[in-house]
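This is the structure I have questions about; it appears just below.
Naming follows writing order (A, B, C, D, E and F), and every chain is counted from residue 1.
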Amino acid sequence: MGGVHPPEQKLTAGKAIEVLPVPSVLSIPLGQALGAPSRAVVAKGDAVKAGQLIARGEAFISANIHSPVSGKVLKVDEVIDTSGYRKPAISIQTEGDEWMDGIDRSPELVRECLLNQEAIVARIKEMGIVGLGGATFPSHVKLMVPGGKKVDTLIINGVECEPYLTSDHRLMLERTEEVLIGTTILMKGLGVSKALIGIEGNKPDALEALGRLAGAYPGISVHALKVKYPQGGEKQLIRALTGREVPSGRLPLEVGCVVNNVGTAFAVYEAVQKNKPLVERVVTVTGKSLTRPGNFLVRIGTPVSALIEAAGGVPESTGKVINGGPMMGKALTSLDVPVVKGTSGILLMDDTSSARVEVEPCIRCSRCVSVCPMGLEPYLLALLSANEAWDRVETGRAMDCIECGSCQYTCPSGRPLLDHLRLGKARVGQIIRNRRN
Amino acid sequence: MDQTVLFALLSLGTLGTGSAVILYFVAQRFKVIEDPRIDVVNELLPAANCGGCGYAGCRNFAEAIVKNESLEGLNCPVGGNEVMQRIAAALGLEAEMADPLIAVVRCSGSHEHAPQKVKYEGASSCAFAHNLYAGESGCPFGCLGLGDCVVSCDFDAIYIDGSTGLPVVDIRCVACGACVKACPRGIIELRPKGKKDRRIYVSCVNEEKGGPARKNCAVACIGCGKCVKVCAFDAIRLENNLAWIDPKKCTLCRKCVAECPTDAIHELNFPPRKPRGEEAAAPETQTQLS
Amino acid sequence: MAKRESSFKNMVITLLSVTGIAALSLGGVYNLTREPIAEAQKAKLQQAIGEVLPPFSELEEHEAMPADGPDPLVFYVARNADSIVGTAVRTYTDRGFSGRFTIMVGFLPDGTIHNTAVLEHKETPGLGDKMDIRKAPWSEQFRGKNPAEYRLQVRKDGGDVDAITAATISSRAFCDAVQRAYDTQQQKGGEKQ
Amino acid sequence: MEYVIIIIAAVFVNNIVLAQFLGICPFLGVSTKVGTATGMSMAVLFVITLATIVTWLVQTLVLDPLGLGFLQTITFILIIAALVQMVEIILKKVSPSLYQALGIFLPLITTNCAVLGVAILVVQKDYNLLQGVVFAVANALGFGLALLIFSGIREHLELMDVPRRMRGVPIALLTAGILALAFMGFAGLV
Amino acid sequence: MKQLTISGSPHVHGQDTIRGLMYGVVLAMVPAMLVSVYFFGLDAVRVMLISVGACLLFEFLIQKYLLKGPVSITDGSAVITGILLSFNVPSNLPWGILLIGALVAIGIGKMSFGGLGRNIFNPALVGRVFLLISFPVQMTTWPIPRPIVAEGITDAITGPTPLGILKEGLRKGESLQDLSSQLPDYLTTLMGNHGGCLGEVSAIALLIGAAYMLVRRIITWHIPAAYLGSVVLFSGIFWLIDPTYYADPLFHLLTGGMILGIFFMATDYTTSPMSPSAQLVYGAGAGIITMIIRIWGAYPEGVSFAILIMNAVVPLLDRGLKPRRFGEAIKAQ
Amino acid sequence: MNQLGNFTKGFLKENPVFVMLLGMCPTLGVSTSAINGIGMGLATTFVLVGSNVVVSLIKDLIPDKVRIPSYIVVIASFVTIVELVMQGFMPALFAQLGLFIPLIVVNCIVLGRAEAFASKQSVGSSAIDGLGMGLGFAFALGILGSVREVLGSQSLFGFKLLPGDGMLVFVLAPGAFIALGYLIALIRKA
């Protein structure tokens, strides 16, 4: 159902993951995971080691944060986040490279997982693993299946349907076994015996690599999927792989599935087998005008400017710098913002290719309706939202919108459909919350 | 009597009586429906249906007035005291004298004072931009300049000044409060009009500490507290690094205005000060009279 | 404004008297206008007959069933002194664009059409209503024609009648009505039933 | 077949609103929401049918025999007015839920030409009781059809930025005009 | 680096634009335009030029002086309206009437509602039906096509359309067999050598354009398929019942404005429904109404009326027939 | 309000058709020509003046609960009088206006004026108000009738302005809606 085919532009698909040098100052926002921000457990002036817990996730949905480097805490204050608002963060001055004890940083594979289900979940929680597919939902919460619900399938999301981005792709190629072991651990943590890895058909090498090795891991199967955006959306992926549809407003649990990104599976491997907290991740730095686009293994908290520097510096023609891909990413207001757990890519676009087209009246061409993967009527929801008819926005199921942007991408009138939809969702969300209270 | 006339009389008479009987029973069932005074009050109201009174339309307000049996706390901003007085007379009640209010835009982050750092492209709506990012100047509190307030105003009393990029309220404002609700950043405040339209207020809502605030905007309130100290009437409160002048206590003495190091306090419609050097340049006028 | 109270008695009395007065005055007006209304209706018929026949002094009325129609036609036989000057036939057709319309056709004793007049119709204004002589001269073409040799059909169907442009249906229906009048008059016109 | 023709004629060809111009006020007045339009159509269906039966009876049993044809207007309107109010009372007693749905429209119907118009037309057309009822129902359906279509259009137009001057009644009339134009395509069906 | 730009996602846009789609439709109509020039000669050129020119002019004047808003006559929609209006009139229509038609189409049918995208009814059809009812004589006097390659262009001779012959004949009580000698054969109707409006004579030229639009995905198959299907089904049933009285489906498909209506006018975005299911109902409804009017109505042709009537129902269809939602269950409050 | 104001307000400021949108059915139904429109307008004026006068005369005698039925009876009586008189003395016009004469009863203007004005004001004012409103109605119908006649049959008051037929649409139902829609858009202040 629905979907679009934006040009793929996977410029960095062939670029092996490089390790980015550690910057001298990092700032680590406290609100990196979906849910409540974590509470800092260090203070100005404290010395920290790499991998040391510096902020604890205390709410049910929130995650621990660890120091990515060793050094001194400069301050616990506010920094500008991706959208320009100030958010609490810890700044650390790098000094040396001292890691916490017990962290195994050797490249050796550890296949056997000796922990039991509970211990796995506890370890994942401790190590601050969050979903790396974009939503940064704390992974341990996903593994704690509420009573009465039955989960039978783990789905590993290797789709990476966003144009330009290749970090998951590279990970699947270069850390194939780790991903598979991570998957096995997740299966164990969930208590399921079946895992499906979904990969878009445009990554034959990844399909081949995973498919070849998957035979050795019972219960894991690899599936090629149609190349279509947003195939990687959780609900779309579940349907593509299992034929099940997550009901409106419900979680994947409802249909017995849990979805995790391949990056998450890798992070889980490192956390469980190597005792390593989530302090670094793979980020694609790309853009047609960049001289050295590539995939980098980056410490959390590294400023975006350092990444771009590594990729050849900011070209003069740059109009937009996007955190994420062109379909769902967030435009940055400043290059000083740090890489966070959810940063999968940094995309530089020039003025012409990123400029919005002229807005004209909706001609009711119904393209937005036919591409919406959720079966919504974007033109109508946007219109209602512009008219502030919030009740009809709600009954039009605006809350189902996954903000994939297919509608706005395809609209020949260049209408800012998703802009209006987001506003509508925000308002309706507020209304629903008020109603509950 | 002519036969036709007789028949006519008979049949129409029967019908009439029949209707009367039916209607009598209708009448029995529908007792008094509505207080007639509601209509009286409704007639007196300006029929702007703006909702400024806090009720959904003029008629609802009229119902509330009649039901309340007193005018305490009820005010029609559009009609003002005059209308409330007339309603009071009609109902034999006392009208509470409300100070006339006007909308005040508490942001001076013009293009000049708070230079644009990034460019926004997308749906022209403050509400949307507010959800998306901090704003073109980087001030996460300041005016976004996309005019949600302008759209919300039924009285054409507010417009965006092209040179500053900020909204300006003019005398058509009836203090209905629509813009206050529309602004996602809570920049607009309804304040008493003041004697001779003179007002003093802090034209900033930035709650950041001084440093970050000034980084984005030259005229931001930095929360230094000088005004609080200089005010002899205890009219200024400082909370979250932001000063606010209580109009009920302020005597319009203008001391704070001179004290503010960033020119964040505005005075309106005062006669020019005796020349005291650079102070002569009056802050920009936010309300146009005439 | 001392309104009367809405007691049961008051209500009944009021309505009774209002309707009573209304009945009385309406009865009165009716009696006054009864004559003129009847006159007006008669005048209309008279005028129509006058239009379709040469001058006459007496009129005699009878009905006859047509061979192919559900309702009877009305014949007005006009005489001057003793000689019949013509017969006006009130005829109809159900093939009009908007259902039935009635026309009056005047035949001279030899069967020649003297004139036609439209009595009632619901045809479209501007199209079908052109068959009315007051709207358009179309129906003049029937004057002086004898259906014995004049084929009462529109040219499209092989007849001699020029159809009203864009209203062939009405034209056809008009011919149908005239034909019915002619046929019936030929068969039964003379005799009384 | 006769009844089919009456129905097709009344609903499509000579639609009461679009071709005969009866009941225009509620057509313009209660057509802003599809929900209200549906309620109004139901109420009109009910009242027109009832009124036609009663007025037909009064006409054939009282007015005609007594030669009181000239009292038609006054008796019919009185009957309709009284009937509507009676229906209101009964409905309120018998089915409060139905009253909720239809009740608010009933007062509107008293001063609606469609009801009186259809009652008079039935007499003018010399229909017998059954034909009269079919005619009345068909006209009410025609009214409902036009009202429903129209309310859908108006609800849609609400969201469109129609030029200021045309907004509201003018554009509604214009739409009704084009709708009437489209319905002329049914000409000649009967 | 200059200033960074901020906007919500997505940051890229597909290649479809209003202009691209509209001129695609114009391109799709070129074969039919050429055929009409071939058959009707300079008259066809005259009618098309006046119609398109007038539509553009009226749109310009209204946007500039009445609405006082931006002028968008280059977006191509008025061009389509102009061409389609000219396709819907006989080639000998006086220019005054053509101007009225363009004014009605653009002024009443489109700009009164606010212009592109807001209109309820198909503007070209509003213009056409307005003319048809206002000027029945001029609108139903069909010049007989005489290919420009044929000898000397003299005064056009007029003749009836195939549907006109059919309706007229049946009304007189003739059977189809009697009429068949007067009716053109399928090949003629397909190629277009018979009486009719400019754009309705050649089915094959229209079909080429339709195929182009389908391939380029300017239109989807839903509306045409439903329309076509219901026409074939409806006329087929009656044809099977009594082939001496009811014409066969192919005849109905190839004559009159059927192909033009199905592919170019019923598919107009603005005036057709949004969800696939609603589009199917819309197409089927239009097909059935077309056949009802053709078989029993006063007009020989019903496509225009049928589409206009279904246009009116579109808001209700949009309301009632929503696209299939992902995960149909209702959200728990 | 002064009497002159009472009289003139019906023409533009409170014009029943263009501004208050009352009595739409007769407005659309009989405005095929200027003469018809004005004839209908005058008939309505007569009923308006008559019923306004009578209502203001008897207003104090009528108990509240039977106010509406009593007014309806009064109005219906005047309508019937118009009906009978026209039938007798102007049969041609009567035939043209047809159904819409009895429908004056349900014309919202008449009852509306009786309710809103006459039941509160003196006899003199009521008469003037009725006259003003009625003439305003006639004025509106005259204008609409003229527009439709000129466009539809290229004549005015029966005199041919141009040879030929004009745009038939304006004689028929769709033209009525369209012409009225544009007239209202033209007149309204927006």
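Methods note: a residue touches a chain if its C-beta (ideal position, glycine included) is under 8 Å from a C-beta of that chain, and two chains touch if they have at least 3 such contacts.
What you see is a predicted model, and the numbers here were worked out from it, not measured in a lab.
Fewest steps needed to get from chain A to chain E, stepping only to touching chains, is 1.
Taken together, chain A and chain F share the touching chains B, D, E.
Interface comparison, B-C versus B-D: the higher count of C-beta contacts falls to B-C.
Chain centres here are C-alpha means, and the one lying farthest from chain F is A.
The geometric centre of chain C is 30 Å away from that of chain F, both derived from CA atoms.
Measuring from the averaged C-alpha position of chain A to that of chain C gives a distance of 86 Å.
Averaged Cα coordinates give chain B a centre that lies 53 Å from the centre of chain E.
In chain C, the positions touching at least two other chains are 6, 11, 14-15, 18-19, 22-23, 26, 30, 97, 127, 169. Shared interface positions of chain B, i.e. residues touching 2 or more other chains, are given as 4, 8, 11-12, 15-16, 19-20, 23-24, 26-27, 117-118, 121-123, 128, 132-133.
Across the assembly, chain F contributes residues 65-66, 69, 73, 76-77, 80, 84, 165-166, 168-169, 172, 174, 178 that each touch 2 or more other chains. The set of touching chain pairs reads A-B, A-D, A-E, B-C, B-D, B-E, B-F, C-D, C-E, C-F, D-E, D-F, E-F, using the touch definition from the header. Across the complex, chain D is touched by residues 21-29, 68-69, 72-73, 76-77, 79-80, 83-84, 99, 102-103, 105-108, 111, 169, 172-178, 180-182, 184-186, 188, 190 of chain F. Looking at the complex, you find that chain B touches chain D at residues 4, 7-8, 11-12, 15-16, 18-19, 22-23, 25-26, 29. By the touch rule above, chain E contacts chain A in their complex via residues 1-2, 4-14, 16-18, 20-21, 72, 75, 77, 114-118, 220, 269-276, 279, 318, 322-333. Per the touch definition, chain E reaches chain D in the complex via residues 66-67, 108-109, 111-114, 118, 120-121, 126, 129-130, 133, 289, 292-293, 296-299, 302, 304-306, 308-309, 311-316, 318-319. Remark: chain C residues 97, 127, 156-157, 165-166, 169 touch chain E in the complex.
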